[in-house]
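In what follows, subunit A forms one complex with subunit B and a second complex with subunit C.
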Partner chain A sequence: MPQQFSRRELLAGAAGAIAATSLGASLRADTAMPSRKQLMLLFMSGGKSQFETWDPKPGAKTGGPFRAISTSIPGVQIGELLPHCAKIMHRLTVVRSVNSGIADHFQGHYALQSGRIATGYPVLGSAVAKLLERPDDVLPGYVSIRRDGPKAYTDVGDAGFLGAKYEGVRIVNNQPPANLIQPSAVSPALAEAVDRIRQSSDERFRLGREDGPIHGYGTTFHQARALMQRREIFDLSKEAPKDHERYGKHEFGQHCLLARRLLQSGVSCVKVTHFDWDAHQDNFYWHQIRCAEFDRTLVTLLDDLSEHGMLEHTLVVIVGEMGRTPQINNLGGRDHWGRCWSMALAGCGAKPGVVYGSTNDTGTEVKDNPVKLGDLFHTYLRALGIDSRMKYEINGQTNPVADPAAKPIDALLA
Partner chain B sequence: MKSRRQTNAVVGLLLMAAMVSARFAEAADEAMPLHQQIDELIGKRLVELKVVPATVSSDAEFVRRVYLDLTGVIPTAKQARAFLDDSAPDKRQRLIDELLASPDHAIHMARVFDVMLIERRIPTITSYDVPAQKWREYLTGAFAENQPWDRMVRDVLSSDGTDERNAAGVKFYLVRDVAPHQLTRDVGRLFLGVDLQCAQCHDDPRIESYRQADYFGIYAFLQRMTAYRDNDKNVSLVGETAVGKTSFVSVFTAKGGETNPRLPGGEMVADPEVEKDKEYVVKPGPKERGVPTYSRRLKLAELLPRATTQGFSRNIVNRLWAMLMGRGLVHPLDLHHAGNPPSHPELLDRLERWLVEHQYDLRALLREMLLSQTYQRSSVLPEGVKELPDEAFAAAPLRGLSPEQLSWSLLQATGRIEQHFSQFAAKQKSDAAKPDDAPPAWTARATQLEPLERQTRPLITVFAGLPGQPDGDFQPVVDQALHLLNSPAMLPLLRDELSNLLKRLTAISEIEPLAEELYLSVLSRRPNADETAQVRELMESKKSPEERREPLTALIWGLLLSSEFRLNH
Partner chain C sequence: MPIDPTKSRQLAEHKHDAPLMCCVFDASGRFVIAGGRDRKVVCLDVAAGKTTTLDGHESWTGSVVRAGAELVLTADYAGRVIAWDCTGESPKPRWNIAAHANTIYAMAASADGKLFATGDRDGTIRIWQTNDGQRTHEITGLEHPVYGLAFHPDGKQLVSADRQPKKPRLKLWEFATGNAQRSIDVPQLSAYRRVEDIEWGGIRAITLSADGNTLVACGSNEYSGPACALLFDVATGELKRKLASTLKGSYYSAQFHPQGFLLTSGGDVGKGEFRAWDTSKDESLATVATPGPCTAIDIHPDGTRCVVAQMNGKGSYPDAGTLTLFEWSE
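Take a look at the complex of A and B:
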């Protein structure tokens, strides 16, 4: 992957690491605040086209058939497929100069989520779940909502060295996790006895042995109990019919509605995957369909979060794992493209009305302010009030929370 | 990303280590049995690391571990008891030999290699695949015959699905949609231990030895392949064309080149001259599967599985080591390169040469690893030590059971397997036996296991990782705990007529034999005093079978949910 670090960046990273506060202190800093900070990741799976969304090039040979339209920010235009977003552009933060250099779903998805190339690091949802955790939390810190389907690269990433507790809970097709209800044949007394026997067995087994795997396994049973007790947080029938209507009665709309409900219930981080942006054929047809869902639902969601007083403490990240090629192939599709693409932010900690970076006339190269996925990762954490230079201390091992060779982009931060 | 752990070695231990060091001063003597050489080379490094290893495993640790590693399932209570009560000094070696020769070992190896080579993939068109059962049978047969690894790889790579002898091997290609880029990556990862993925688009900036030309050298062997569907016969096959050059351009430097087929570190293989118009045995067409006169793919099958191919022997040695020891000598398994050196280079080299000298006899290599003290250590750390570095192989690691091991062990612990076979035996007695055309033992065994195999699948789905990704380190997640607590499949497994543990335990009224039968069945060991006391506390006042049912269920279930059951230790 083209992740060449300048000497200056390396030095800056190293200095930052030394200056960083310890994780423990910073973690406690937030707990006194009335509302916890939260993250919502809207993941455009497959990679949406920057040309048809945030960075239109009407008239260029790479530009495709759609027009650009004016927005609520004078002089800034976006693709005509996003008319609702255009009206609230002053509330969004858009980056047009992402250069990840990765044109592969798996790698792009991992690098986007972890802010690194090297494997084994926690993904954003897991990291935020850990970093924003409070001592009295019972719900899982990270939930991922998606539809059913074989596209494995869009699935929950893993918690890496943070361990099982921070692994995302998967919600497929808005169904609550399977097996949340105890079978009626199991009496509470039996369930209690089973758990007692399990725990006492673990207490004996851990004597003299490495604790990590034993502790990690035990944690999943505590999480299971907590989820069983509060399973109504997955019950969308408790939301008003007009909200179902407003969010849109399609998959993405309903998934966003559930995401809002989960955030309201106190889950730190929710990821919603919006599928089918990988338009190797009929790119323009597909983007019409995808953008129609995305555009209206996103604006509804932001309005709704705002009305509930949640947006000020909820960062919304809108991003895919890559962009799409300037070249239009002979099936009317755009292929994978990592060199030059766009993403957006809104809400907590993001500076509204910013359009950062730009690309050349044909959209083939970044013209100024190139942004790497590692930089975005730092930026997400900073927007959530987390010092991205700090380090995890886990099992006696120290690891920087974000890639020390990358840095937050101040211009995007409020 | 596992932590580098620290030891609290005290001065006394260091002194001991220094004494051991003198013994290991010389390199392993190659005349010694391989398992002794393994221990010497591991021991030498322990001294350098100043790490004192764990003691030898107890018989109970050993019997459970070796059954799991060789047959993929915990022993029955009867098997565990027989081993624990055996006083012969060579009982470990005898058990190893007995298990290695058993049909269950071949069946288990087929499961392990199925997951390793297929990585739980499904092709885009699900029906265009070799059925899982056919592929498993093919692998089981190969392991039952203890086919040399080079031959097994050659049979898979050369399969086009037409020759009955190795037709199932074409699955390797079909589950990857016969897509040359995916195949290039996986041939590199799975057979050579190198992941050249990044080198597809440019020389890998992180790994100096992964060059774009290497990637395209393998790609050139595979790029002429085509998928072929014969709807009349309902089979999917692979064909090949006789044309297609391989060129590449770096996305960084815009420099590129053209390449003929070439294995990493090897020579380019020029296509032989073929007379014009004689390029094909069968010319590809809408209804014809292309068969070229000269096949690059068959050339790959011929050249790759050889001792001279860089990484070929090392890769399989490292994978078998990881299967038994919890991590590779090179780790991750598909990242062999200069920047990620093996933890024990001399040992890896020795194992590699030994395997070549022994004509790729995997069973013999496994046997030597199993006989080593390194394999047979306890997972209990030495007194006063909290953690040991994983890469020292100083204690038995705590490994999660694979989804397959876990499923089968649940069936074993609850007595479902035993019950199944006793019903089977009863039925067979009534049927007239046909000794003349008796199939090999493993086919009979596999056929008998088939109904149980189906029962393992739902649980495997919950516990398996992502398709196309190797099964990684132990990462338990909450859906798995929810499954074990609340799945409608769990309670019947504990109480159903088809299992026999609850019935067996209900029939034992004395506390001590009851606790022993319970612990031997679920955890393959006898209970200690605390554990017997816990059983007594729950069971003592319960006399009628109805009263006993609930606390016994709790005991079985609670132990099935324990870390001790979930881990191979």
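Take a look at the complex of A and C:
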């Protein structure tokens, strides 16, 4: 998609060619920023095991070696690898009955973020960027933080028909987009002149043509300039050492710290990808490692959002592209499983202390309240105060923002 | 009685309702104690041909060793070690300790049985007195799971094997001081996949020859296999030989027979084997195929028999286990 390419290229590398004209009046200062609904998507890439996290089956043949522990909700247990989460279970909303029917990374990454199987729809971050957009927004609405690596399936899908303006800006290894500092050889006057020429060319090109792509292109320049002005939003050295410590020095912890900083700066949606859950071998070893990172960092993040007064307007979604098989393979791994798995929510619009749905004794099937991926997408939007029955109107075409065949799950909503 | 490793026959097969991961004869050879993917320890009375189960663990039992004339020790994924007194009619617990806060992946006993060592997920190694389960030493700083341990016959040194990504390591420790005497990188047993950014390999087991000169490291030769065992010169750290199976999977266990030949056991999806090797040659002396991956092998104290633990089930999902006894003839 040409729009995607040009936008990413610009935001990743060409921002330095843009004049850093004064945008101070239009940028919101942190302190003056009014509360807005925001989204943080914590994506457990590879597929977290429900058995080792939210839906343990200790003693069952499928249960694995770990025990279940009590939580702050009487009678509810989760896996022993999540001791910190267990203490704040009353603040979480857990779904144990997701049946996406998808056991494939590529399809799962897209479908669990777009709420659809059919391709071409915007993923959650892009949708929220569009649906929560304000006229005075200048920062990108959607930022995706991840580590470097050839993770092809993690980048499937993005803004879809919403176009370049709502593509996610990718932050790799917590490094800000390249060239956010004005090159010394380019004087402000020269940069401003170049930008005027670009705008003029855009206006001429726009005549008689469909406006969307040109508008998206212009928005990209506008956002790149904003990022140049606000490049300190990527500067984690401005965060207190104790915050670095309590979030965890590992990449997931540091990525979540940056995510909080970006939300605080006014970005509507930030996605953090936590890698390496695809444990086809040594599943229990890998879940010990990954859960230790996830458990402490998630609780720190929720505490921090709460302390900053952000949690009440920030929905935190914790999901992956699938679950893992009840059966344990000969390598001590669990494989892909889409029929019966778990996810969680916290914060804005989510009803705390709810454990929704259940599975049978061996965790092979959903026992009650099956949840489809389309239902989750509706629920996310509703939690953010968005009418999920709305329709996009793009270039004269209308498209429902969420799958009309699905619906929000009222039991999960505050 | 000298035996011929090329002449073996199956004596008995005992099924268990969970995949098995470890097994050992007690010092008298009367019992086989085994553990696997459930909380129950399996006890096979060899002469009676009957199995019972022993309670006490709260998690999978992944390691078992014979320690001295009386005890067999079992260790689980929750970090607990139980000492089973095998001198009576049936094994009874003598002591039971919370040895680590997380999974114990490796355990070994000294040649005289007075000490044993445990290694955990975080790379911590602990040395204990066998008679009472009191800790005597601790080695820290490996930072990667300890998948193998072996006491040197000199009684002063301990070898560890870990799963450091890309370069699994063998380390020779003077355990009284915690000083590392030698470190050997074993990249041949790494199966690091950049796509997943996960180390699939690692050194899955180690064993030392009776003279302490040869160290064997088991695993898979990179991602695509085959199962192999690497022989190192302990004095120099030099790789002396690679013993490769025709199986694509991994070797999980190895043990020297008192006559000097080496036994390896391992497997792939839905099949397994154990082999006897003359360690001066690349070709194996004998191979015995098994229906499921052989996760462990142990030689009877009289040297005439061995037992292998297997994982059995459909395709790549084992849901049962087998203890199979074999006997060699002259």
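The rule is simple: the second predicted complex is superposed on the first by the 378 of 414 C-alpha atoms of A that agree within 3 Å, B and C clash if a C-alpha of one lies under 4 Å from a C-alpha of the other, contacts with A are read in each partner's own complex, and residues count from 1 in each chain.
As a convention for this text, contacts are C-beta pairs under 8 Å (C-beta built on N, C-alpha and C of every residue); 3 or more make two chains touch, one makes a residue touch a chain.
All of these numbers come straight from a predicted model, not from anything done at the bench.
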{"item": "Which superposed partner A:R209 touches (first subunit B, second subunit C, both, neither)", "value": "first"}
{"item": "Subunit B versus subunit C as contact partner of A:K61, first or second or both or neither", "value": "second"}
{"item": "Which of subunit B and subunit C A:S35 touches, first, second, both or neither", "value": "neither"}
{"item": "Subunit B or subunit C, by number of subunit A residues touched", "value": "B"}
{"item": "Touching partner for A:F275 - first (subunit B), second (subunit C), both, neither", "value": "second"}
{"item": "First, second, both or neither for A:I328, with subunit B first and subunit C second", "value": "second"}
{"item": "Overlapping contact positions on subunit A, where the subunit C interface meets the subunit B interface", "value": "150"}
{"item": "Interface residues, subunit A side, partner subunit B - complex", "value": "1-4, 101, 103-104, 106-107, 117-121, 140, 150, 152, 155, 158-161, 163-164, 167, 169-170, 177-183, 185-187, 189-191, 193-198, 200-202, 204-210, 212-214, 216-221, 223-224, 227-228, 394-397, 399"}
{"item": "Sites on subunit B touched by subunit A in the complex", "value": "1-6, 122, 197-198, 201-202, 205-206, 251-252, 332, 379-381, 387-388, 395, 397-398, 400, 466-469, 472, 474-483, 485-488, 490-491, 528, 530-531, 534, 538, 550-551, 553-555, 557-559, 561-564, 566-567, 569"}
{"item": "Touch list for subunit C against partner subunit A, complex", "value": "18-19, 37-39, 58-60, 76-78, 102-103, 121, 145, 194-198, 200, 267-270, 293, 311, 316-319"}
{"item": "Touching residues (chain side subunit A, partner subunit C) in the complex", "value": "46, 59, 61, 64-67, 149-151, 275-276, 278-279, 281-282, 284-286, 288, 325, 327-331"}
